[in-house]
Each structure stands twice: as structure tokens, then as C-alpha cells.
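Multiple structures are listed underneath, in C-alpha cells.
You will see chain A twice below: alongside chain B first, and alongside chain C after that.
Up next, the complex of A and B:
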């Protein structure tokens, strides 16, 4: 049980860190750049919100299968299979929690006062210093919410990791799957403990999100 | 499943299959789920106090790509990286596979290669899609069988069910369930009750 919880935490942390890196440029583009395929990109980012996890799991499995381009490239570099590995689960989790990272950041970026951005522009700032000195400090709350939601959503993942992970103890068996198996085995006591822990984690993470949201996301707005 | 098709062909009726692990379905039945027939795999303790039951067997084999074998040693080959097995803790086919491996003294050696499926059909899917190199899968009796898994069929409802639906079948000829560990429960449409005889 402890094993599974640790794997869940590792998966959630890795996914959250990766997502912050991936979501930042995506959120920036969606917030500030208007281009032709923007709606399509927005829809793609939001898809995991409504897709059945099994659909996502199915496509991720196809994507990381040993005979796929990604799976075979991975195998030739790392000499191990991507399917049913921790890395494969990370890929699936990043896709699954993508909207939870992008959308809060995108909203926070959009809420940065126009005048601040224009001030930066008149000083001849390029994207990087603008992000570092104006946009990110102003949308710290949104970034924190993105991180907390990505973490909580990954902890609560079930259908996708069930398909992609292979439930290997100590490697891919996460807490939610361990709980499922405990119930199947009718080990009610352990199941109750694990369920309570997961409930507490979710409660704490959401409390963090709501307490951040209570404060104004953007200083001065 | 093939059996439900046979039944549907003979009778003007529909068989609704509900598949799940024995434990889960057992819980559902205990809580009053309206099933007519319950097929429970493995030798798990099923306390249903039901005299109307029959026995049958499911068969387990090892699949490499498109090939079947009974040679457990083949699993040790270095080019076999991942082996799919139904979860031995929840699926009778997985438990049977583990027992076979343990008896051959291979369980410890092969553990690092194992990938756990929810049931043996899922293990079969993993092999067929090339996601794993080999797997413990359900097979036909005529194929390479490494062990067999008993299952029990319980008639749950008091309704009269057509005699040819169960009694004339000797246990040995009971159809192998294609669902393997997904212990199929047949839930017969209530209309069945009227037009059986």
C-alpha cells in the first residue's frame, strides 16, 4: 500500500513538473497570440476533460507500443519498453492532466492588465523578460493553481494508468489501482485506509486551490 | 459467449452478459443484483447456498506472438522482456499461472518481466497487440494447455429455465468461457421465463 502511494506521489510530482514546462508556452500562445488554428489547439488541450480515460489510454497504448515510432525509438535509446513502464505512465499522465495545467495559466495570463504589457513593450522587452518580470509575477496564483490541480488530478488518475501501467508492484501500481485491487480481493480494512488517505490528499490539494483562488490572482487587479 | 449465441439461436430471446471478477459479481449478487445465472471461476469460496450448479473448466496456455507453447523455459529467453499475466490476486487465471510458475521454480526469476492485466482476456489482448512479448492467456482445450481452471455455474433465479440450457451438458463439455477470468454472468431476459417450454 505504501509502495503504491509512493509511486502515485512520484508520478504526480514528475507529471506536475513536466506539465508546468509544457503548459507555460501553450498557455502563453493561447493567451496572447492569435493565429489560424488557435481554436483547434484550444480544443485539443481541453479534450482530456471530456474524453473517457479509456479512450485516452487506448491511444496512448498505441502510441507507446513497442512497434510504434515512439516505442521503438525509446527502446533503441533506453533499451527498455515504454509500454507498462513508469515513463509510459508519465506520458499518459501529462496528456491526461494537460488542461488542468494550461487553463488556469491561460486565464491568469489573460488577466494581466494590458497597460503592464504595453509598458513592457514600450521598454523594448522581448518575450523572455516580459514573462519573467511582468507576466509570471502577476500570474503567480494561476501557476500555483495549475500545479496543484495537475498534482491532484494525477493522483486521482485511474482509467488511463490502468490501461497503460500494467499494475506492476513497485513500478506502475499506483494508489488508485491498489485500492481497486484491494476491493476486488475484499480486503475491506486496507481498502478503507487507502481510500481515506486518497480522500485526504484530494481535500488538501483542493483546499490549496480554493485558498489561492480566494486571493486575487493578479496583484492589483 | 458462444453459448449465449447458441441459446439465442434456439430461442427467441436475448441473453445479456455481465462480466466482471468473481469477487465483484459475488458482492453484487449478495446485495440483490437480479442475475439468473452466475459463472464463477476458480476455487474461491462462494457461499451462495444454491443446489443448482454445474462445473466446467477454463484452460490456460502461453502465447508468444501468434504461437502457443507449453514450454515454460522459453519465458526465460533474454529476448522476452515483458510477459502479461492476469493479476494473481484477483483473477483465477492469474492465480493458476502463478501456481504453475511457482511449481516450476520460475516465479521469482520471471517476476521482473511480469505485467499485470485485469484478467486473462486482457493479457491476451496485450500479446495480440504486440504490447508484450508473451502472456498467459485462455486457450481452447485442444491447444497447448498448461493448466485448467475450474469454474462453477450457479442458477440463481427460481424461474424454470429451459432444460436444454444446462442439465444435458456433462461438466466436461461445458463451453469454455471466452471471457476467461471475467466470470461471465448470464442475465436472461425476463421474457425468457414465459416461453421456455
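Up next, the complex of A and C:
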């Protein structure tokens, strides 16, 4: 049980860190750039919200299978299989939680006052300094919400990680799957404990989100 | 010499401005909706317009050739009618925003002249409207702009400090030797500060270039 919890936490942490890096350019583009195919990109980012996790897991599995482009490239570099591995689960989790990271950041970026962006331009700022000095400090709350939601959502995954990870004890068996197996084996007491822990983690994460949303998003104002 | 020949349409406003000016202070007055702020924004490159702009020997806009110099390359000092200070930075960091290896002596000179030196460690939330306005003016001057654009920069100042600020602005303008365009409803600003006084109505300058030159014959120079 402890093994599974640790794997869940590791997965959630890795996924959250990667997601922040990936979501930043996506949120920036969706918030500030108008281009052809924008709607398509928005739909793709939002898809995991409505897609059955098993469907997403199925496609990720195809993508990382040993005979796939990504799977064989991974195997030749790391000499290991991506399917049914922790790394494979990370890829799946990143895709699965993508909207939870992108959407709060996108909304926060859009809420940055136009005059602040204009100010940045009069200071000679290109995209990178603008992000560093104006957009990100102004969107701190949105970035924190993105991180908290990504973390909580990854902790709560079931279908995707089962498809892609395969529930290998000590490797890819995460807490939510462990709970399912505990119930199946009628280990009531341990199941109750694990359920309570997962409930508490979700409660804490959502409390963080809601308390940030209540406060003004800009530090110091 | 600086040349402006620009037109633009924004909502119900048809801006059509032609003017020449030296490195001098120009006060722009006119009713609400006359296009004063839009003119400043066009010069800053924050609003799209057609025509030609030549400022300080540099071409900023040449629609015939399809050339537009982006705002971030124009080296502009812009003061919005509200201060537009970043709330998470103290006054000093707001003034030096985006500038690496700034000129410390110039910083002190600007801050002394505009009476913001005692305010430097304060966050914008701890500044009065008038103080915030002076910090915004210091910020615009600190970068040693090629063109200074001011939208009612003294509107929140008490009468006594307004007198001193006019003199300070004049001194700083002469030190930098740059053109200053200043929107103001205060007749004293035009009388004391301006070498040219432009009156705007429905997007156009009511006094021609020639007449402004006559008008602007400045006894104090």
C-alpha cells in the first residue's frame, strides 16, 4: 500500500513539473496568438476532459508500443520498454491532465491587463522578458492553480494508468489501482485507509485551488 | 525635425493628423473623443495606423513601403492617464522595469526632479494617485526615450507640486533633447510648458503647422 502511494506521489509530482513546462507555451499561444487552427488546438487540449480514460490510454499504448516510432527510439536509447513502465505512465498522465494545466494558465494570461502588456512593449520587451517580468508574475495564482489541479488529477487517475502501466507492483501500481485490488481481495481495513488518504489529498489540493481563487491573483495588490 | 502624417479609423473616430515639430514640448488639448489619446497610441505603435512617421531621424512608419517599426524597438516613454504600475514591484523596480545596467546618476536626477525619491521602497498600493502618477513619469523618463508621450500626466497633482513638475519636466526634456507630446486639459500646461499647442477636434488638428509655429513663438526661450 505504501509502495503504491509513493508511486502515485512520484507520478503526480513528475507529471506536474513536466506539465507546467509544456502548458506554458500552449497557454501563451492560446491566450495571445490568433492563428488558423487555433480552435483545433483548443479542442485537442480539452479532449482529455471528456474522453474515456481507456480511449486515451489505448492510443498512448499504441504510441509507446515497442514497435512504434517513439517506443523503438526509447528502447534504443534507454534499453528498456516504454510500455508498462513508469515513464510510459508519465507520458499518459501528462496528456490526461493537460487541460487542467493549460486552462487555468490560459485564463490567467488572458486576464493580464492590456496596458501591462503595452507597458512591456514600451520597455523593449520581447516574449521572454515579457513572460518573466510581467505575464508570469501577474499570473502567479493561475500557475499555482494549474499545478494543484494537475497534481490532484494525476493522483486520481485510474483508467489511463491501468491501460498504460499495467499495475506492476512496486513499479506501476499506483494508489487508485491498489485500492481497487484491495477491495477485490476484500481487505476492508487497508482499503478504508487508502481511500481516506486519497480523499484527504484531493481535499487539500482543492482547498489550495479555492483559496487561491478567492484571493486577488496578483501578489502585493 | 520630426514628421507625422498618419490616418486611422477607430470606431467612430477618423484620425487624420499631419504635423512637423522639433525637439520641443507640444501640448495637445481637445474634447473627449477628439482623438488625443489615439494619436499618442499611434505614435507609440500601440494602435495601427497608415502613413508616415519620422521621429528623431528614424523612420517608424512608412505604409507605402509596408514598414512598421514595432513598439518594442521605438524606445518610447509612455505615461498612461492612469499610472499603470505593476502592483508586485516597489516604486523603484517599477521605474527601472526592463532596464539592465541602468544609469544610477540619471536615476537619481529623475527621481529628485519628480519628487519620488522618498517613495522608492513603496509598493503601488501604498502610493497616492498623484504619487503613482509621478512614479509613472519617472519610469518613462528613466529609459532616456527618443519620444515622450504623456496622457494627462499631472491630472492628479496638487497645484503647488504641479508648478514644480512643469519646470522639472521642461528641464529633463532639455537635458534629453527629445520631443514631448503631452495631452492636457490644463491651460497652464500649454502656456508655461509648450512650444506648440495643438487643438484637436474630431480626429484632426485645428491649427495648421504654420499657424502653430506662429502661435508657438516662445518668449521664454
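FYI, the second predicted complex is superposed on the first by the 217 of 221 C-alpha atoms of A that agree within 3 Å, B and C clash if a C-alpha of one lies under 4 Å from a C-alpha of the other, contacts with A are read in each partner's own complex, and residues count from 1 in each chain.
One rule holds for everything that comes next: a residue touches a chain if its C-beta (ideal position, glycine included) is under 8 Å from a C-beta of that chain, and two chains touch if they have at least 3 such contacts.
Being a predicted model, the structure only gives us computed values, none of them experimental.
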A:86 touches, of chain B and chain C: first, second, both or neither? neither
First (chain B), second (chain C), both or neither touched by A:32: neither
Partner chain(s) touched by A:58 [first = chain B, second = chain C, both, neither]: neither
First, second, both or neither for A:125, with chain B first and chain C second: second
Footprint overlap on chain A, comparing chain B with chain C: none
Residues on chain A engaged by chain C in the complex (per definition of touch): 113, 115-116, 118-126, 129, 133-134, 137-138, 218-221
Complex contact set, residues of chain C against chain A: 44-46, 70-78, 80, 82, 84, 86-89, 97-99, 123, 125, 140, 143
Touch list for chain A against partner chain B, complex: 61, 65-67, 80-81, 83-84, 162, 166-168, 173, 181, 183-186
Chain B residues within the chain A interface of the complex: 21, 23-24, 27, 81-82, 84, 87, 89-90, 114-118, 129-132
